[in-house]
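I am attaching a structure below and will ask some questions about it afterwards.
Chain nomenclature is as follows: A, B, C and D, assigned in order of appearance, with residue numbering initiated at 1 for each chain independently.
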Amino acid sequence: MAEYIRRAHYHETDRMGIIHHANYVKWMEEARIAYLDGIGISYKKMEEAGVVSPVTGISVEYLKPVFFDDEIGITVTVGKYTGVVLELAYTFRNLTTDEISSTAVSKHCFLSNGRIVSLKRALPGVHETLLSQMPAQPER
Amino acid sequence: MAEYIRRAHYHETDRMGIIHHANYVKWMEEARIAYLDGIGISYKKMEEAGVVSPVTGISVEYLKPVFFDDEIGITVTVGKYTGVVLELAYTFRNLTTDEISSTAVSKHCFLSNGRIVSLKRALPGVHETLLSQMPAQPER
Amino acid sequence: MAEYIRRAHYHETDRMGIIHHANYVKWMEEARIAYLDGIGISYKKMEEAGVVSPVTGISVEYLKPVFFDDEIGITVTVGKYTGVVLELAYTFRNLTTDEISSTAVSKHCFLSNGRIVSLKRALPGVHETLLSQMPAQPER
Amino acid sequence: MAEYIRRAHYHETDRMGIIHHANYVKWMEEARIAYLDGIGISYKKMEEAGVVSPVTGISVEYLKPVFFDDEIGITVTVGKYTGVVLELAYTFRNLTTDEISSTAVSKHCFLSNGRIVSLKRALPGVHETLLSQMPAQPER
């Protein structure tokens, strides 16, 4: 389970002296795209094939603040995947302090020409790959 | 119940042609600060008085995409307030299309000198104002 | 000469306690689109008509820091317009402190189907409007 | 001369389908901090020692658009350094297309307790390091 690693940038801090909470949503996206890439799914190619995957929901729990120049490692796992709906779970680990700084969830659907599609039909290869990432025992 | 109104900016769009979902978290903050201002709480003065209010959690449901130049109205209500924990609920209304585009929740605590404080003791005036914004019948 | 007015948001601050300098480039875009709107040019309609106007250069002089919740007024003037190249000048006035906080310039070209076009041919109405905004005596 | 390398993120694109121009200013900051780090200057420690280095000016020439997932390498060189004023030059190379996508300049001063200081007096070690980075023949 690869970790997406990146530094917390100065331009991401706010006047409270910590990384502004909105940036976590951007980091989730970066980690998601790197995770998909790692399992052989190019988000760019998916879009070029006419399928986009908008975010339909997010939630983030902020456990510990992150500071400028901290190194953060984010792991992504598939929480749920039905062919139509994808749910990913994120764990943010602060490698500088060795703490879990955040946990988060994102939900996605798949659109082609602006209409909801099943990946099973639209992109069977991507569908199989996502299925293979499901937890051994179906949960949730 | 005042609405915080703002346009969706070009720099907030992404290559899917819609407002990028991370911006909603920034808009929630703008609406929150405007809401507090409207009920007589200056977030700036609160910070100058030594109290900061970090975000401990957020969740957003994205119902309809928002496009460049759409006018969005955001209303904020107090969902829960205990003196130590504040929970706010947001409704995003797209004034251009007359649709509810999103609903969201944010959770907050209060810190003074890096330690959790009760607003009742730290800033009694702010505490009373927030209490007065609670729904008539306690819920949740 | 209308002024585009907006508050400096919390999420735009950095850990130096001031508005992060990258945000000025976003504010320039907001002011530019509002300015064009004010003279009858809808940037959205221009794009729908197949013409985009990428930024080919920017420069910003930061004279005074801007703080959270400051109210900023930005005026835009046409510095140069040739039909192919547009150059705009910006003055940032901090209405909270009554100081000029920044001056800036942006340069633009016009593209249709990825190729540079002359607005005179592509969108004659927009061309005439921009010509009418030129300073009385040609300069620069 | 080390290159700061990073991918262009999805959340940095705009509806024109390219990386929004405001992000280049953030990338300059990331490259600047990495550059300083590479020559032994920790910007974080500098701030902890009470010296901040605000940006007093920037200019960017956008030569070629950058697209989602492109890999960008940014090199930073000292253009000018007087002890009081620092000017850095940036070259953005798109490693995906092997093109120079942008060139840029940033100007900085140094503040301690809100007042302009000479680094020679405030942080002599940092001063010596920056001097050693000057081009062999004084230019500009």
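Going forward, a contact is a pair of C-beta atoms (placed from the backbone, for glycine too) under 8 Å apart; a residue touches a chain by one contact, two chains touch by 3 or more.
Source: prediction; values computed, not measured.
The most distant chain from chain D, with centres taken as the mean of CA atoms, is B.
Interface residue usage between chain A and chain B, two copies of one sequence, is largely shared: over half of the residue numbers at the contact are used by both copies. Inter-chain spacing, taken between the CA centroids of chain A and chain B, is 24 Å.
One finds 35 Å separating the Cα centroids of chain A and chain C. The multi-chain contact residues of chain A, meaning those touching 2 or more other chains, are 10-11, 15, 18, 22, 26, 29, 68.
By the touch criterion stated above, chain B contacts chain A in their complex at residues 15-16, 18, 21-23, 25-26, 29, 47, 52, 54-62, 65.
Residue ranges of chain A in contact with chain D, taken from their complex: 9-11, 26, 29-30, 33, 43-44, 68-69. Interface residues of chain C facing chain A in the complex, by the touch rule stated above, are 10-11, 13-15, 17-18, 20, 22, 68.
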